[in-house]
Amino acid sequence: MPISSSNSNLFVVFGITVILLSLKALLLGAATAARRGKSKSFLNAEDAAWLGGAHMNPDPEAVARWGRAQRNDLENLLPFFICGLLYVLSGGQALAGYIYCGVFFCSRVLHTIAYLAARPMLRRNAYTFGFLVIIILGAHAAWLMGRLLS
Amino acid sequence: MPISSSNSNLFVVFGITVILLSLKALLLGAATAARRGKSKSFLNAEDAAWLGGAHMNPDPEAVARWGRAQRNDLENLLPFFICGLLYVLSGGQALAGYIYCGVFFCSRVLHTIAYLAARPMLRRNAYTFGFLVIIILGAHAAWLMGRLLS
Amino acid sequence: MPISSSNSNLFVVFGITVILLSLKALLLGAATAARRGKSKSFLNAEDAAWLGGAHMNPDPEAVARWGRAQRNDLENLLPFFICGLLYVLSGGQALAGYIYCGVFFCSRVLHTIAYLAARPMLRRNAYTFGFLVIIILGAHAAWLMGRLLS
């Protein structure tokens, strides 16, 4: 196994966190496409001709909201995955890692709920918690890696 | 080497799959920019002034199609890379891994062809195969990781 | 440690490069949102009602520029991270790796500066250097991995 045993629980917690958030973003993308079908409005002319509807760019509001929720997910998942993977591979402490994963996961689930329910204050707060986790996690991982330099 | 020998072929197959798909997405991005130049329409006013053309947002259809093909690539590549890397690092079976990589690679190449050729049914089917691979791969990786918990 | 000692300096240099670029993209995303507030124009109707402003899609130019700089960052960071991580995990040479990281980091910092300062030639050149690094790094990593096949 490439992961040292002292870290394997952290590796698992981190891994399951990012898998679940990946699948959430993926499902939001599929839901965005499904809502295009439901609203009979399509970004591609060939879809409108095929499925019977209007060719429209940008998406109507009810579709665009889901697309924005997905885009915000991906914009935050990539930095979290990069910083978190390096934290795990640098031998980061398990307890801090659990907290990073737990807070980030909850903040991103709340963000999606708040976005789809059009609750802007909750959405902003959830985004901010996730944002702060990435900043702290990234700084923590960089500090751990600095100690690995020989 | 950090990768255990029992996994090294899977590591290589997975690695080459995601490298090729990364470069495909990158080339689609460059092609989108090139088509802006060809259609003399630019998202930035300074580009329109520099290269002689119109300042236009959103992109005209012939440009936007390439940008959407790239965006769809990136939306799927990030979840596939996350789930696949964790599958490989968790000691996933080689044969299942080869199938995941092969089906995903083919589905994403077909998706791009179908998008650029404006063939909506092929595009939807290719997308759906890639989508299903990510869901199954993510669940498989999460299950493998659950067994690593101590 | 999962990273072999012969590679640990390269691992650190690569890791700190992608952490800094992740945080840069993240900060550009937050700055885009901040500029929506400043220009009193919002993508979501509930934000316009909450904070007092107009509901507008797409964003006005002064906001959209920051969003495009962020999007371009993410489009390039994902391929670079994938190719670079595989390069490091495949036992890539340190010196070439330092050059890849250094050139990519500088090109992406210059890209952001050029985008925000509306300097199109510098922006295009910075983008092109980063693009070429990813192509070469991806090919180099694929070649290294090919030698690992058993």
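Think of it as A, B and C in the order they're written, each chain with its own count starting at 1.
Throughout what follows, a residue touches a chain if its C-beta (ideal position, glycine included) is under 8 Å from a C-beta of that chain, and two chains touch if they have at least 3 such contacts.
Source: prediction; values computed, not measured.
Visitor: Taking chains as nodes and touches as edges, what kind of graph is this: line, ring, star, complete or other?
Guide: It is complete, because no pair of chains fails to touch.
Visitor: Go ahead and align chain A to its copy chain C using Cα positions, then give the rotation in degrees, nearest 5.
Guide: For the C-alpha superposition of chain A onto chain C, the angle is 120 degrees.
Visitor: Centroid of chain A to centroid of chain B, CA atoms only: how many Å?
Guide: Computed value for the inter-centroid distance: 16 Å.
Visitor: For chain B, give me the residues that contact two or more of the other chains.
Guide: If we look for residues of chain B contacting two or more partner chains, we find 2-3, 58, 74, 78.
Visitor: Spell out the part of chain B that touches chain C in their complex, as residue ranges.
Guide: That would be residues 1-3, 5, 8-9, 11-12, 15-16, 18-20, 22-23, 25-26, 29-30, 43-47, 50-51, 57-58, 70, 74, 77-78, 81 of chain B.
Visitor: Under the stated contact criterion, what part of chain C meets chain B in this complex?
Guide: Its residues touching chain B are 2-4, 58, 61, 64-65, 68, 74-76, 78-79, 82-83, 86, 89-91, 118-121, 131, 134-135, 138, 141-142, 145-146, 148-150.
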